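Which chain is which? They are A, B and C, in the order written, and residues in each are numbered from 1.
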Amino acid sequence: MKIRTHQVNLYYSDFHALKGITMEISANTVTALIGPSGCGKSTFLRVFNRMNDLIDGVKITGDIFIDGQEIYDRKTNIDDLRKNVGMVFQKPNPFPKSIFENVAYGLRVNGINDKKFIEERVERSLHQSALWDEVKDKMKKSAFELSGGQQQRLCIARALAIEPSIILMDEPASALDPISTAKIEELIYELKKNYTIIIVTHNMQQAGRVSDKTGFFYLGELIEYDDTKIIFTNPKNPRTQNYITGRFG
Amino acid sequence: MTHLDEELKQLKSEITNMWNLIIQQLKKTQEAIVTFDKDLAREVIANEKRVNGFELKIDRDCENIFALFNPVAVDLRFVLSVLKTNNNLERTGDIAEGIAKFIVNANHSFDEKLLSQTETLVMFEEATDILQDVLTSFTNEDTKLARRIFQRDEMLDEINIKANSVVADYIRKNPDNLEQGLYILSTIRKLERVGDQCKNIAEEIIFYVEAKVLKHAKGNQKGD
Amino acid sequence: MAEGEKISSNKMLKQAIAFNLFRILSFSVVAILIIILSFITIKGFRAISWEFLTAMPEDGMTKGGIYPAIIGTFYLIAGSMLFAFPIGVLSAIYINEYAKDGFFKRFVKLMTNNLAGIPSIVFGLFGMSLFVNTLGFGDSILAGSLTLGLLTLPVVIRTTEEALKAVDHSFRLGSYALGATKLQTIRRVVLPMSLPNIITGLILSIGRVSGETAPILFTVAAYFLPKLPTSIFDQVMALPYHLYVISTSGTNIEESRPIAYGTALVLIAIVLIVNLLANGLRRYFGNKVKMN
């Protein structure tokens, strides 16, 4: 198992946001987290790169292992953890820098200065995110000149550049048009060969298309976690069925 | 009620109407055999067009629901089962039409003795009844009733098997009525197919309601 | 139907009245500004000459130029900014990026706001007491700059804070997610993005500093000093104070009237030029970090 969580509870001050989440995720799979807004799926996603630590008043209990390492251990270096667990956000958020510098950013902040190495890594990451052909002639241009879909793929390239083994995606295509969305989904399918991907999505069809396993969250609980095929044809829990068939309420 | 619910309800009433039409077709065919009423038989043949019309309409409706609503889970299974049931019903309709054609083509009325010896009419009753029961189990999502269909289909099989020797005897005794014997045997063969179609539909109902796939399972597992 | 039309025409009337009211008010603001500027320009224009800008004052400030006052004002602007800008920006970064929400952060913000509300003459007294007397800087550029710096600190802090807040949180998250530390994130992402707005704060502070009279009254300003300073411990003349002096207590107020208007014009021009410069700077950085 690449990732293992056991009885994870998370509190925002008094609010119990995650309730006893136990989940196992295999390497090189895509896991979709679905559920209505505020169900805890994004919070759970951010457990894996300790992004919740940035919020005041967050308390977390339980065990989270990545490659057998307890990531909330005192010995864990958060910056190293985040190098291993990349993240792509809902809204494309490239930095106000050139395309090249955006991808190089993660390398630079991690102390890599070898120019040749950086150039190679940037090119490789852009190839991986299927953006190279579109940007190879304008690496010095501002990242803001790219379209929304391109910006999102740039953000994926940026995450890939520091060679993570896990990629977290928080509704990566929700701000994009259908063609850009299709490209991101295709990319996820490609990346699965080398990375373990966890994706939060509000789009049921997207979860069905891209993921191997799906977890349904409701009110901070993991209601059902199973093969995506089973979730979408024969969910065991009536709440799951109500949610995915759009009869929630 | 969601838009999809509305569509599914529509689909259900559509296929129920088709179902009732086919039950009527079988009943009329049976009556036409007993009374040797060629006009009634012709009516059944003409009505087959309506059955085909239903089939096309339901096919298209299912297609639209898939394309526009991307149904999942229970909705998906429902539409899939309707799609397959639609196919099975259409074939059942063909069977009624086929038998009606025998009546139109036959030279004189069917021998009552032969009909009773072969239990053709019993079979007719039973087949129509089974089809009616499958409809009830579909309407009420009653898988218990659907499961009983498998048992009842066996009775049709028995009549079908017995019919071979009965008709052979009859032909030996009445060589002149060879043609009539063959018509009756063919009718029995066709009615036996009605049972098979109903069995398939029952499987679809169980799949839709319980998400269990019974197809190609061993006979002894069907009852559980 | 008629009722509906009545309501709708009533609504349109209200709309038109409100719209025109707002328009008149905003035009009147512009008009006041234009009146003041043209008044000063017309009155002061005749006094302006190359000599006026580059010569020492003469004859009890009724003749000659205002060169030392111009230079003095520049020194005070530069000195106060050198003090207030780094401290203000760094405090704002601390308050906005590091301090946790809670009593301390609220306390610091409250104090900053209070500081902004203190009358400038109080700053002058405080500066005199602390810098001039206690620390023994005497009446000097150093003491004056520090006093002006203190005065403008809240403006710098507040505008910088706003500038930092305007940087969307997702950029910080994006940086953290790549394993960057907080300091790296601030230096490489947050500051470059907020720089244009921070410069706006700089403009506002410079405007305030260059026009203040009270704080320099007891700390640096010389009544009449026809020579340039040689060290930061020297006194200087400054435009606003010079203006005050020749308009209220000069040797011959009537005769030095044109010089007073000329001085006012120069003061306004300096503020304007600094604003334009800063605006250019802001646009330059703004283009570099254009938001989408």
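Note that contacts are C-beta pairs under 8 Å (C-beta built on N, C-alpha and C of every residue); 3 or more make two chains touch, one makes a residue touch a chain.
In this text the structure is predicted, and so the values were computed from the model without any measurement.
Chemist: Listed by label, which chains are in contact with chain A and with chain C?
Modeler: none
Chemist: Farthest chain from chain A, going by the mean of C-alpha atoms per chain?
Modeler: Centroid comparison gives B as the farthest chain from chain A.
Chemist: For which chain is the distance between its Cα centroid and the global protein Cα centroid smallest?
Modeler: A
Chemist: For chain A and chain C, what's the span in angstrom between their mean Cα positions?
Modeler: About 46 Å separates the centre of chain A from that of chain C.
Chemist: Quick check: how many Å separate the C-alpha centres of chain B and chain C?
Modeler: Their C-alpha centroids are separated by 91 Å.
Chemist: Using CA atom averages as chain centres, what separation in Å is found between chain A and chain B?
Modeler: Using C-alpha averages as centres, the distance is 52 Å.
Chemist: Where in chain A do residues touch two or more other chains at once?
Modeler: none
Chemist: Residues touching two or more other chains, restricted to chain C: which are they?
Modeler: Residues of chain C never touch two or more of the other chains.
Chemist: Of all residues in chain B, which are in touch with two or more distinct other chains?
Modeler: Touching at least two other chains: none.
Chemist: Using the touch definition up top, name the residues of chain B that touch chain A in the complex.
Modeler: 2, 4-5, 70-77, 211
Chemist: Please give the residue numbers of chain C that touch chain A in the complex, ascending.
Modeler: So the residues of chain C touching chain A come out as 100-101, 168, 170-171, 173-181, 184, 188-189, 192-193, 288-292.
Chemist: Give every residue of chain A touching chain B within the complex, in rising order.
Modeler: Interface residues on the chain A side: 204-205, 208, 231-235, 240-241, 244-247.
Chemist: Tell me, which parts of chain A touch chain C in their complex?
Modeler: 49, 51, 54, 56, 79-80, 82-83, 86-87, 89, 91, 93-96, 105-106, 108-110, 142, 144, 151, 155, 158-159, 162
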